[in-house]
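Two complexes follow with chain A in common, the first pairing it with chain B and the second with chain C.
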Partner chain A sequence: MNPLELTLGIMTAVGGFVDISELVFAAKAGSMFGYALIWVFVLGTIGMSVFGEMSGRVAAIARQPVFSLMRHRLGLKLGLITLAGSLISTLITCAAEVGGMALILNYLTGLPYALLAIASVVALMASMWILPFQWIERTYGLLGLMMIVFALALVAIHPPWAMVASGMIPQVPRGLSPKELLTFSYFVVAILSAVLFPYESYFYSSGGIEEGWGPKDLLTNRVTCTVGFGLGSLLAISILAASAQLFGPINVSPEIPGSSALEAAIPFGRGGLLLALLGMLFAVAGAAVETCMSNAYAVAQFFGWEWGRHVKPWDAPRFTLAWIAVMLLALLIVLTGVDVMSLVEYAALFSIIVLPLTYLPLMLLANDRSYMREHANKWLAKGLGWLFFVIVTVAAIAAIPLYLLTSGGQG
Partner chain B sequence: MSAFDHLKIVSQLLDLPIVDRDERSCGVVDDVELSGAAGKETRIEALLVGPGAYEGRMPAWMYWLVRKIAGDRIARVPADQVIEIGSVVKVKSGAEKLGLHLVENKVRAWIPRKGAL
Partner chain C sequence: MRWMLPVGLALAACSKGPEADLPSISQARSLGAEWALVNEQANAGKLTKTYVAAMRKSIREQLQTRASSLTQPRSPYGDEIAALMAEPDSAAPNALRNHAGKLKQIEDSLESA
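Coming up: the complex of A and B.
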């Protein structure tokens, strides 16, 4: 294990952890329910570490990305249905990220939103065309590290640390009305979905294959998934906790991504605001690239095309065409004028519904000793895997009723 | 080996990715062509690759949709081309020789060959 590679991998995971949905749901959750939803981020991050580690291990040992094994395990019919669901949910997520980029650039420059959305997509596509996989992953991940300003801001505003820590224990706040209880439940499902977005494991496992992982990389995989995702999650928790401290008591509901940036502006002034907006911009841009490439990975792996950005774009032509099409479709959605916040909510809703179908085949393959040999799931990975499978299945069943009953978390 | 073991081989083979001698992805086992008759030994004659092979594997409306989007071409990979079946199926020839990269090569012509590191 190369320590430099490992450090870079961890830093990339930290910087790439937060996306537009986490930004939005963390800030709203903090202002509405104080510290009471921190545990959902903790739970979701453990789940993400479990499934991320599993998908990385499968990539390293069976050399199989998620969508190839999903088709083999689920069969063509159910596989196609899952593929269609994943493509739709990830496309909506990609559009939400592109819209988020345009919004943040709009705060920074004051230029028209539509023009900035087009400029964002051109810049993203240029970076995906020019840079090979590892550079794409690291550039956005490392620039996203500017988000650390949120953790520093939380320290600077001196939150009640005992209450922040108590938020990590699963709880339902006392004295909620039935309506508030439903809204709280909606946020539990939405945050779980935002942390466990299926595209993250497609991207992570495909990335493992792009980088040519083998058995020697298992430790790197494990450390990146636990330490990297864990530290990344602390950034999202910082946004929630700062929102609880700053916005909750004065009844401010952060309805737009820019509100989160104020959390850094309050203690650090103009410099903090700029750093927060730039951090958000690169984190969201990284997520836009990940979602776009995840959809191209999914289609290419499902149909057995040449794929990957470790090769030149013309050496995986249908894959290249697929990511170009996804990015243009995402732009088209944004240019219809649909509200970014609505896209974020639809993305979380659709993603949680397809999540169980994505994770089941992954878990079955990671359990299979004929493929995984001595690296098959042991009791802890099996137990946690099934536990989180049950959790995401329950969340998937509850998602649509909760969305309708709470008008998308509006109460 | 019982008949069920043979059936298991077919179920384990279906939907596996195929890689050619140069480790290039060149499709998925979409169906298999069997030979034999009642009371006789059943053998796998070839792997069938391409959207045309989906016909017997999905409802008619779904296949109609697939055909409209992706066409109905089928490439036939003779069973003697298969050298290994594991998490992927490895074949001993190149994808072009087996007719598995027709679309890939067609699309390749549309992609400009410049600017990428």
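Coming up: the complex of A and C.
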């Protein structure tokens, strides 16, 4: 294992962990419920580490991408339904990320939102066309590390650390009215969905195959998924905790994505504001690339086309056309003028619904010794895998009723 | 389950009155408080002019959306949201917090009713 490669992998995972949904839900959750929802980020991150590690291991050993597995394990009909659900939810997420990028660029430049959305998509497509896979992943992941300013801001505002730590224990705050309890439950589901977005494992495992992972890479996979995702999650928790400290007491429950940047501006001034906005911009841009490519990976793998960024774009023409189409469709959605916050909510809602169907075949294959040999899931991975499968299934069933009953978390 | 979304949205659209307006009141209250925070930090020299202008524009647009979605615009909360929107961009943070505070009171009284 090359220590430099490992360090870069971890840093990329940290910088690439947070996306627009986590930014929005973390800030709102902190302002509305104080530190009481931190445990959901912890739980979701453990789940993401479990499924991410599993998908990376399957990529390294069975060399099977997620959607190829899905077609074989679920059959064509159920596989197609899952594919369609995943494509829709990931396309909405991609549109939310593109809209988020345009908004953040608007805070930085003051230029018109629609123009910035078009410029963002052109820049993203150029980077996806020109850069090889590893550089795409690292460029956005490493630049997203500027988000560390949120962790530093949290330290600078001196939060009640004991309360922050107690937020890591699963809990429901006492004294909530039935309505508040429903809103709390909605945020539990929304945060779980935002942390466990299915595109993350499609992108991660497809990336493993792009990079030619084999058994020698299993340790890198495990460390990246546990340490990288864990540290990345700390950034989202920092946003939540700073929001609880700064926004909650003054009745702000951030309605605009740009409000999160105030968390860094309050202790550090303009420098903090700029670092926060740039970190958010690159983190969201990275997520836009991941969602776009995930959809292209999904379609190409399901139908058995040539795919990947390890080949020249014209050597995998249907895959290339797929990611170009996804990005242009995302731009079209943004240009309709739909509110980014609404897109974020729809993305979380649809993603959690398709989540169980995408994780089940992956877990079944990771359990299968005929494919995975001695690298098949052991008791711990099996136990955690089934536990999280039950959790995401319950969350998927509860998602739409909670969304309707709480007007999308508004109470 | 997906059939529930249009059904729920249709039901929500049909319901009228303060209960149906609560989410908009709550969002307007938060937007007023966010505006006050932006102006306070801007006055302290901690924000860039571009960011401040963009945030104020977004807040105004969101407030306009909330105001136009009210089922009872001629109501104490409708008047309060209109008064908030009538404030100048660089309004004093305390004036904005005053509007947000009044909306919070209305929100609390409607929730406890």
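FYI, the second predicted complex is superposed on the first by the 411 of 411 C-alpha atoms of A that agree within 3 Å, B and C clash if a C-alpha of one lies under 4 Å from a C-alpha of the other, contacts with A are read in each partner's own complex, and residues count from 1 in each chain.
Assume a contact is a pair of C-beta atoms (placed from the backbone, for glycine too) under 8 Å apart; a residue touches a chain by one contact, two chains touch by 3 or more.
Quantities reported herein were computed from a predicted structural model and do not represent experimental measurements.
S.K.: So, does A:Glu306 touch the first partner chain B, the second partner chain C, both, or neither?
M.R.: A:Glu306 sits against chain B, while chain C stays out of touch.
S.K.: Which partner chains sit in contact with A:Arg71 here, chain B, chain C, both or neither? Use first/second/both/neither.
M.R.: So A:Arg71 only meets chain B here.
S.K.: One more residue to check, A:Tyr371. First (chain B), second (chain C), both or neither?
M.R.: first
S.K.: For A:Trp314, using the defined touch cut-off, is the partner it touches chain B, chain C, both, or neither? Pick first, second, both or neither.
M.R.: first
S.K.: Of the two partner chains, chain B (first) and chain C (second), which one does A:Ala62 touch, if any: first, second, both, or neither?
M.R.: first
S.K.: Determine, under the contact definition given at the top, whether A:Leu131 touches first (chain B), second (chain C), both, or neither.
M.R.: Only chain B; A:Leu131 stays clear of chain C.
S.K.: In the overlay, answer first, second, both or neither for which of chain B and chain C A:Thr109 touches.
M.R.: second
S.K.: Indicate the residue numbers of chain A shared between its chain B interface and its chain C interface, in ascending order.
M.R.: Overlap of chain B and chain C footprints on chain A: empty.
S.K.: Quick one: in the complex, what on chain B touches chain A?
M.R.: My answer: residues 14-18, 24-28, 30, 49, 54, 57-59, 62, 86-88, 103-104, 107-108, 110-113, 115-117.
S.K.: Within their complex, state which residues of chain C touch chain A.
M.R.: 1-2, 4-5, 8-9, 12, 22-23, 26-27, 29-31, 33-34, 36-38, 41, 45-48, 50-51, 53-55, 58-59, 62, 65, 97, 100-101, 104, 111
S.K.: Quick check: in the complex, which residue numbers of chain A touch chain B?
M.R.: These residues of chain A touch chain B: 62-64, 68-69, 71-72, 75-77, 79-80, 129-132, 135, 300-307, 312-314, 317-318, 320-321, 371.
S.K.: Of all residues in chain A, which touch chain C in the complex?
M.R.: 103, 106-110, 177, 179, 247, 250-256, 258-259, 261-262, 265-266, 269-270, 273-274, 277, 339, 353, 397, 400-401, 403-404, 407, 410-411
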